[in-house]
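Each of the next two complexes has subunit A plus one other chain: subunit B in the first, subunit C in the second.
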Partner chain A sequence: MRREVPIFIATVVALYAFVWQVSHHAWNTGWLTQTDLWRTFMVQVAVFLGAINLTRLHANNIRRRREHWIFSVICIVVLWSYMALGMLGNGLFTSGGNNLPTYRWIHDAMLVPIDSAIFSLLAFFIASAAYRAFRVRTREATAMLVVAVIIMLSNVPVGEVIWSKFPTLGQWILKFPNAAGMRGIQIGVFLGTFAATLRLFLGLERKYLGA
Partner chain B sequence: MSIWERFDRIDARWIYLFMALALILPVLRPIGMPMSVNPQLTQPFYDWIEKELPPNSLVIMDAAYSGGSAAECDPQMAANFRHLMKKGHKVVLIAQWELGARLSKNVVDAVAREVGAVYGRDYVVAGWRAGGTPWMRSLQDDFWAGMTGVDIDGTSLGEFPLMQRLKAIKPDQVAGIIIYSAGSPGISTYTQFFPEFPLYVGNVAVQVPGNMPLLQARQVLGMLSGLRGAAEYEKLIGEPGRATKLMDAQSVAHMLIIILIVLGNIGYIVKNRQKSA
Partner chain C sequence: MLMLLAAAAPAPPKWGFIRPVDHATSGLFVTLIMGFLTWLMITRARAGLPIPAIRKIAGLEAIDEAVGRATEMGRPVHISDFDADLQYPSTWAFWAYLAHTAKLCAQYDTRIINCNRDYLVISVNEEIIQQAYLEAGRPDAFNRDDVRFYSSRQFAWAAAVCGMLHREKPAASLLIGFFYAESLILAEAGNLIGAIQIAATESTAQLPFFVAACDYTMIGEEMYAGAAYLSREPVMTGTVVAQDVVKMMVYAIFVVGTLVQTFTPAGGKNFLNEWLKF
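Entry: the complex of A and B
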């Protein structure tokens, strides 16, 4: 029974997940709509568990005075204080906390600019990485370099100024060689996932049992 | 070491400095380079709103992006929303990404003020709810329940005349879906669970190659590719905006990268020849 019960549960859940994935319309599948609500609730529980786990991890860092422990303090303070402000700011569980000007200001004036600033650093790192990586070391590397230059030029107006056919050439590369390659990758990923799922269905995959 | 060999090892700090100048100077002194419109990505998107949507259609917009990709997705959304409002269509905005909800509200509110669109009558920002794909699918059955009956600011959906038209995301109520996507969850939610809706995509440029098979298969009918896509759309609606202004900066930055690659390769080849000589 120690093996059969977990296998039975895993098979039922896998079957449910499969039916869920291939049933496109909630309006045709009333019972799935009900389970959607359960799943939505479980996602919230998972987020809450994630917050607790993160807190335990960082509390451990602080307790043991690990390197950069001060950032763990900031992480815990920001996590719980911002959550508390959103949940309690307009009164306990009134669900209007994210209307608070302070709550919005933290989002608009801190969170968004920090997120944008970190992402914008990519422009600098990509320039430096492209300079170092795109070398004509092999034929394959040369082909990649040429394609990269064509795509870069096809995506900006200066490419058209240099040669009016750059956008057409770039589009052709994206539409045919690139799309063909992407399809191959996607089909490969699908087949791999399908094989793994099938092993679970048939009870061949038992690592989750500790086997 | 000759000057050619030095090209093989340019200090990263110089590269950062040149890149900063390449991005800043064209913004201060725009060049105004000409730009064509992509006939396979941007033009079908524009034609759908301009010619194919029935009058007074209701379109769902989904902001599946965050601050990091706002530079590309915000101008795309602004241009589409402006076009939809000018054509007299209605928009309900949802967000698969939490940060996208508030970002997109800021974008559409600013455009609405300029074009005279009224919140609640012409557009509603419903926002984000936790729950991932199951939550999105529940909107097919009961939009109001999925949104817990309130918009992004906690106002009851019952107060908005527009929401009387949208009880569920079904083909008889929604004419099409536009998603602004920077990753996952994103486009696959719609290709998998909303396949009967015309789907148009505002993409960050880096995602475009990965999504080309969807366009080829006509699961996606039109696509805006990064900032360039937004600039093309601004050109089509005759209202050059932020994306158009930033295209020169992107041009110069791309040219700088290409020049660096060429110089690096010259240095690499010269160094290799000297080694073998």
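Entry: the complex of A and C
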């Protein structure tokens, strides 16, 4: 029963969603709005419980002086001070705390640059990955190298200076061979998703139960 | 004027209760054909009749090798899906890999580390890994702290996973599911620590990064076929065979459609296009 009940629920819900999707009823999304409201409410409650749980966990780390306990201090300070600023910035229980300049400054001047710093690592990683991938060892790697050089030259001004047709050639590669390959993969993905969904419909797919 | 009137005209009626939008009926037909083929293959497999074999997928074969390598080196195995959500098919596919890898790790007594960004998915992942350890008869070896929630923010999550890779140095890193710009950050971090890397994604934008940086990459549909392949059950592989048959049919439609379009006089209608619109 431990397995059969979840499989039965998954199959019934999947079939219901499929019939709903192909029928006229797909236009009526009122019930979805209701479930979204439940979800929003549940998430808010969970966030509050999560904040309390996180505080307890990190308070324990600090009390017992566990390894890296200083990070627990930072976590608690940031969590509650940011929350308090958002709630109290414009007066208790008034809306618009997110628009408070200090609140936004912390987000824009601290969080966003940190995010961007991690993102910028990509530039170096692309260079190192490209170096490994473009080493001419096989015919495929050679083809990849040639195409990559054409695409690079078609996207920089010096490419056009070397040969005026580079931008056109680059666009052609992107528009035809590249698009054809990508679409082939997309169709495969669609059919793969389809087959996986059917396995779920039929109760054959049980890995989500740990089976 | 006639074109304006045609545009304003109501959509042609569809069969029964089907939605009055383009491709609704043809889409339903594809579903029914796929369903029938799947049923056929499953019936044949259950009756012990032969079904066409599916080709070996190198990336799937490499999972056993990667876990074995981690066991020999006494280092953990890392497996994660960045854009995981209960409603995404890629997450459901990921669970098949997680269950298989966790089972292998439990059998070989190797640590498995899973990093998450979704608070609902982490619960399912924890349950799957715990179940794998229970089935392997080692419930005490399951470490709840190895199933981690890092952050729901993309680059905070990526930074945390990179930090984990450098600190704990897993011998194998499996990146399965849907990824965005963090794909190469993770793959290069894994490469720097010398981990054997297996990636599978349906994101066409990230595939080149994985192909360049990982040892094995499963492309698009291979990721979904993996769930059936790993089970080694004829009934499950039958669904993959059905998928391949439909794929051949779709490609045949492409070829016919392209030829019809090529030889249709200017201003003429491609009948295949009209049929598929219904």
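Assume the second predicted complex is superposed on the first by the 119 of 211 C-alpha atoms of A that agree within 3 Å, B and C clash if a C-alpha of one lies under 4 Å from a C-alpha of the other, contacts with A are read in each partner's own complex, and residues count from 1 in each chain.
By our rule, a residue touches a chain if its C-beta (ideal position, glycine included) is under 8 Å from a C-beta of that chain, and two chains touch if they have at least 3 such contacts.
Note that this is a predicted model, so its numbers are computed, not measured.
> On the superposed three-chain arrangement, identify whether subunit B or subunit C touches more subunit A residues.
With both complexes superposed on chain A, more residues of subunit A are touched by B.
> Touching A:N99, do we find subunit B (first), subunit C (second), both, or neither?
The answer is first: A:N99 touches subunit B but not subunit C.
> Counting only touches as set out at the top, which of subunit B and subunit C does A:H107 meet: first, second, both, neither?
first
> Name the contact category of A:P177: first (subunit B only), second (subunit C only), both, or neither.
It touches nothing on subunit B or subunit C.
> Contacts for A:H24 in the overlay, against subunit B (first) and subunit C (second): which applies, first, second, both or neither?
The answer is both, since A:H24 touches subunit B and subunit C.
> Tell me the contact category for A:L204 with respect to subunit B and subunit C: first, second, both or neither.
Once the two structures are laid over each other on A, A:L204 reaches subunit C alone.
> In the superposed arrangement, does A:N155 touch subunit B (first), subunit C (second), both or neither?
Only subunit B is touched by A:N155; subunit C is not.
> Between subunit B (first) and subunit C (second), which, if any, makes contact with A:F119: first, second, both or neither?
both
> So, does A:S128 touch the first partner subunit B, the second partner subunit C, both, or neither?
both
> May I ask you to decide whether A:G192 touches subunit B, subunit C, both, or neither, giving the answer as first, second, both or neither?
Only subunit C is touched by A:G192; subunit B is not.
> Output the subunit A positions appearing in both contact lists, the one against subunit B and the one against subunit C.
Common to the two interfaces on subunit A: residues 24-27, 114-115, 118-119, 126, 128, 130, 132, 182, 186.
> For subunit A, which residues are in contact with subunit C within the complex?
18, 22-27, 46, 50, 114-115, 118-119, 121-122, 125-126, 128-130, 132-133, 182, 185-189, 191-200, 202, 204-205, 207-211
> Over in the complex, which subunit A residues touch subunit B? Could you list them?
By the definition above, subunit A touches subunit B via 21, 24-27, 32-33, 35-37, 39-40, 43-44, 47, 95-96, 98-99, 104, 107-108, 111-116, 118-120, 123-124, 126-128, 130-132, 134-137, 145, 149, 152-153, 155-161, 167, 171, 174-175, 178-179, 182-183, 186.
> What residues on subunit B touch subunit A, complex-wise?
Its residues touching subunit A are 10, 12, 15-16, 18-20, 23, 33-36, 38, 40-41, 66-71, 99, 102-103, 106, 130-132, 134-135, 137-138, 140-141, 148, 150, 153-154, 168, 170, 192-195, 205, 208-210, 212-213, 215-216, 225-226, 228, 247-248, 250-258, 260-261, 263-265, 268-269.
> Which residues of subunit C touch subunit A in the complex?
Going through subunit C, the ones touching subunit A are 17-20, 24, 27-28, 31, 34-35, 38, 42, 89, 92-93, 95-96, 98-100, 119, 124, 127-132, 135, 153-156, 158-159, 181, 184-185, 187-188, 191, 202, 204, 207, 209, 211-213, 219-225, 227-228, 235-236, 239-240, 242-243, 246-247, 250.
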